[in-house]
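Paired with chain B in one complex and with chain C in the other, chain A is shared by the two complexes that follow.
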Partner chain A sequence: MNILFWIIIVPGILVLGLVASWIVRKVSALVQWRVGPPLFQPAYDVMKLMGKEILIPQDAQRTVFLTAPLVGLAGTLLLSLMLWRITVAQTAFVGDIIVAIYLMVLPSLALILGSSASASPHASIGTGREMKLVMGYELPLVLAFVVVVIKTAGSVGPGEQLSLAAIAQQTPAFSISGMLAFLAALLCVQAKLGFVPFDIAEAETELGSGVLMEYSGALLAAWKLMHALMLVALPFFLVMVFLGGFHATLPPAELGIPVVIAALMVFAGTRLLAARSKFMDVLSLLIFIGLCVWLGLGKYVLILVLLILIKNTNPRLRIDQAMKFFWVYCGIALVAAIILASIGYYYDIHWL
Partner chain B sequence: MKKTMQKPILAVGPFHPLQEEMEFFQLTVDGEIVTDIDARISYNHRGIEKISETLQFDQVPFLVSRVCGICSASHPLAYVQAVEDIVGVQPPERALYVRTIINELERVHSHMLWVGLAGHFIGYDTVFMWAWKYREPVLDLLEEITGNRNNYGNVKVGGCREDIPNELKPKILKELDGVEKKTEMLTKAVLDDPILHARLKGVGVLSKEDAIAYAATGPTVRGSGIAIDVRQDDPYAAYADLDWNVISQPEGDVFAKTVVRLLEVLESLKMAKEAVTKLPDGPIATEVKEIPPGEGCGRAEAPRGETFHYVRSDGGNRPIRHKIRAPSYVNVPSFKASCIGQHIADVTITLAAVDPCYSCTERLAVVDGHNNIIHDYETLLQMSREKTARIKKEIGAPEFKMEDI
Partner chain C sequence: MSLKMWSLKKSVWVFHVNVGACNNCDIEVVNMLTPKYDVERFGIKLVGSPRHADALLVTGVGTHQAVIRLREVYRQTAKPCVVFLIGACACGTGIFKGGYHVAGPVDEIIREVDPDAIIAYVPGCPPKPEAMISGVVKVLSAL
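What follows is the complex of A and B.
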């Protein structure tokens, strides 16, 4: 019975991922004065791709080419599952922050493997860029987690300094060093998701779609699903490490009724304002955000919106600029954050 | 067979998300650095010059407005000026002003289109959508004046086809004010964005010497510090009566070209507004009955640079030769000077920075697929002459030259 539950939960995370990728597209569209896709568009895309022919380049390394998307998808699924078990269905031990860091590299590694196996000049340049990007953002990401570990070391129980479940009870972002680390980690997640300004490896107008150039059909659908899952897992991870996690309990009844009334009022308001155009889409966006807030997922939505805004207000960086940004600027900021956090820990000053 | 070491080549084209037209750039790359570039065009040769010889003089403007969808006021204007040069007719002053207004509105929407596309090419889709939204009122105005958003076909030999009604003037001025405000905002946003600076400054530099050597035109050369502009150097339409400046920037990089274009939009809006206020009364066309034998040249400053038309008439109702040189024809080869040694990411934006228009500039190239020989114009001409001489010899035709006819 328990196993059956987990088999059902995994498609649930997938659905959440597809909804998140719809939010990304919809909010981007609204920022850019476009109408944007309907709610089910990401699902339609995946379903359509599933039915398409899979073309394998003649010179490709077939095994690696075919398994790479599945490896990436499996890694992200495992990460989401782990986060799910820490927040919703809590168990004694599900892995610590180190495991999560490993699982978070897996999609990028799979992308590198798959694209380098595809024997395409565009993909090979994309591979090189992805490698450099991974090397660029992994250092600040790990440093940011070091800050978190230092910040929370005093508060969590002995032997639990690396446990995600224990860290998720603390809010290290409410301090100078924690905020620095949070912002750096947010940009690293931006790069991990392959969003502008760090969509260097895909770079549509330079490399076609770079790393994904030779993928088609169900394999491309697997990449898309992986990306949708990452949209859930990575912001979730940030919420847990920096913002104190979320307690996925419904708010008490006396709070629930005003929320429902407010949602109904928003419903009526949008109906009056947006006579007939875009009405259903805006409504579903609002309902989803309302639901998130109600379920204590507001922090997740906040991070997602931050990611989308960064995506839509920046041009793509060059790979050398991106590496310099991560190593020099983020690196210096994080070293400063580590020093601050250590001082704060030593003298017991919480806001440092 | 011995395998030779091949240079890695990155293909930008024949169909590539970078540009909507067919073009083929072979970038020889060493890692991320581009070491050589080979441009191939002529995927969309339409034989416009030949078609033009089959049309009557008053039909040709509609054809040449289709040379380029975006420069569809400049090409007919240059053609019409060439024919007027043959006839020796001076169009009425109101027609000159109407031509000026339409051409400046065209420049505004073309430059806005480029700014949007350039944003898209460096992954800044918000700029893409916003610039294109700001461009819409200009297209609507052009539709209201000429009946079409593009391909206006508004000029004819001796004047204009459609007038700007006097009651439309306040509306034009109001709309242009709105566009000006938005363009100023966009200009400020681009000039102040540190990431755009990092991405565009010092990229794809076309030095002053190279710009002269490749005979580049338009914003491409004005971005390299050479302030040439047909509107200033050889004024046509009503440009001599208006108060305006040629915009130029000394740096020669993509950022300088962007700045030139954005400031030119503001300058063009100013000119269009001045021309609308000054619009004199009177007829918009003088009647031209016949085109005498002779030849004429017409030049106009299209948004992408100088466009040149040469027309020869034998006194009949069709041009016997019509030669077009679109600005991209000289701007595209300048990639050789500006792209080599750059990053791939910089080369793609440099390729787009001259605002190339490939179908305008197509020339015939015959490729022998088996031997991979590309015949250029001189060889083709040579081959054609040899064949003619051979046939003449076979049929025993008398020797005569073109001038004897």
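What follows is the complex of A and C.
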């Protein structure tokens, strides 16, 4: 059973990533008053890209161009595996939060390497913007984690201040400094995902697709999978650091599996028999919501929907505006949060 | 039917190429991509680079200046891909037949580059978005 679990976990994470990218497209469509793509659309996209020709530009640096998507994909996969291991198997090591911060830079780094190796003027503009963006959001992100470490320092065991598993038992977001840090980190994650106010490096309308311009076929599929995985890993990381993690973890198998099967059967039954009765729809929806709350997945869905709504209600910023936003506004807010958290820690005031 | 073509039908990413159109067809192409028609239901999406594209939406008569770029764009598109000729001009040069600036019907120019190209014609001046969607459906069911 245990071995089976570790075998299915990698495809499981990939499937979760594809479902998350479907949720992004579907919710965006609903915001724009459209129907939106079917559930399997991201999977069709990846399948189609796998079957397409791979074009390599004549002047490209071939080795870097070909390996960069794989490096990015591997880094994100490693990050999601690490987070799953901490959540499900409850195994962790001290300092894993620092490893996670390093792994979170890897996709952007791979994107910078790949696009600068592709010998395209559009991609090189995208590379420059991506570099500036990385420099912009990395500092606020690390400062936000510093706030969390200060907030939780008194509650976790000695020597475990940098352990994600210990931090995930606390909810630092329920305090003034923790909330400030959470909001700043949410916007940093928005920039890491390349979502709209910060999609400066991709910029569909002015740079073609910027950093991804020259990629085609299976390499583009690797980028798409990397992005889908980031949609799982980064909100998961936020949930674990700020919102107390998924402490319910998985329900015991003898209880959980029948409930999942029942929910799936009700859902499939209503679809297959075309018996679109309101009662059955509501029932399957209620079971699904109950399952989400039970697993603690509700927090993940909450963060994902927040990210999508920010994405759909904002115009794109210029790179200098984004830098100013991260360094000046987020910086000031986070310095204030660090001071508040230190005062709160010193005088033992938990809500500060 | 191979898995390759089946998945291509399920997810068609289009790239818009203007080779000397009067902008009327372009407006209708953009109209097709608006929330009203919502072609993302069928997996159709506008992309910014021919390397990502599965279908080229070509509008316009094919002027001497533009056909050089058209050949290059066709070469840079990842195969397999489908070419849609949108509007009367692209289908057969329309009222500009024999004009001094016309390099020839667009389909002949694409066949020079690749004799086996899959080319679909959507006539009209300009064609309605419904006509374009119908054309896409017909081509995809014929593949």
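One rule holds for everything that comes next: the second predicted complex is superposed on the first by the 298 of 352 C-alpha atoms of A that agree within 3 Å, B and C clash if a C-alpha of one lies under 4 Å from a C-alpha of the other, contacts with A are read in each partner's own complex, and residues count from 1 in each chain.
Note that in this section a residue touches a chain if its C-beta (ideal position, glycine included) is under 8 Å from a C-beta of that chain, and two chains touch if they have at least 3 such contacts.
All of these numbers come straight from a predicted model, not from anything done at the bench.
S.K.: Considering only touches as defined above, state whether A:Lys48 meets chain B (first), chain C (second), both or neither.
M.R.: second
S.K.: After lining up the shared chain so the two structures overlap, which partner does A:Val35 touch, if you call chain B first and chain C second: first, second, both or neither?
M.R.: The answer is second: A:Val35 touches chain C but not chain B.
S.K.: Considering only touches as defined above, state whether A:Asn312 meets chain B (first), chain C (second), both or neither.
M.R.: First partner only.
S.K.: Quick one: is A:Leu183 in contact with chain B, with chain C, with both, or with neither? Answer first, second, both or neither.
M.R.: Touch status of A:Leu183: no partner.
S.K.: After lining up the shared chain so the two structures overlap, which partner does A:Gly217 touch, if you call chain B first and chain C second: first, second, both or neither?
M.R.: A:Gly217: touches chain C, not chain B.
S.K.: May I ask you to decide whether A:Arg25 touches chain B, chain C, both, or neither, giving the answer as first, second, both or neither?
M.R.: second
S.K.: Touching A:Leu234 in the superposition: chain B (first), chain C (second), both, neither?
M.R.: A:Leu234: touches no partner chain.
S.K.: When the two structures are overlaid on chain A, which partner does A:Pro121 contact: first (chain B), second (chain C), both, or neither?
M.R.: First partner only, chain B.
S.K.: Determine where on chain A the residues touched by chain B overlap those touched by chain C, and list them.
M.R.: 32-34, 204-205, 207-208
S.K.: Show me the residue ranges of chain C that touch chain A in the complex, using the header's touch definition.
M.R.: 3-4, 7-8, 10-11, 35, 38, 40-41, 43, 47-49, 51-52, 54, 76, 78-80
S.K.: Inside the complex, what are the residues of chain A that reach chain C?
M.R.: Residues in contact with chain C: 25, 29, 32-38, 40-41, 44-45, 47-48, 50-55, 204-205, 207-209, 212-217, 220.
S.K.: Could you please specify the touching residues of chain B with respect to chain A in the complex?
M.R.: 8-11, 16-18, 29, 31-32, 119-130, 133, 195-196, 198-199, 343-346, 348
S.K.: Could you list, by residue number, the parts of chain A that touch chain B in their complex?
M.R.: Going through chain A, the ones touching chain B are 28, 31-34, 121-122, 124-125, 128-129, 196-197, 199-200, 203-208, 312-321.
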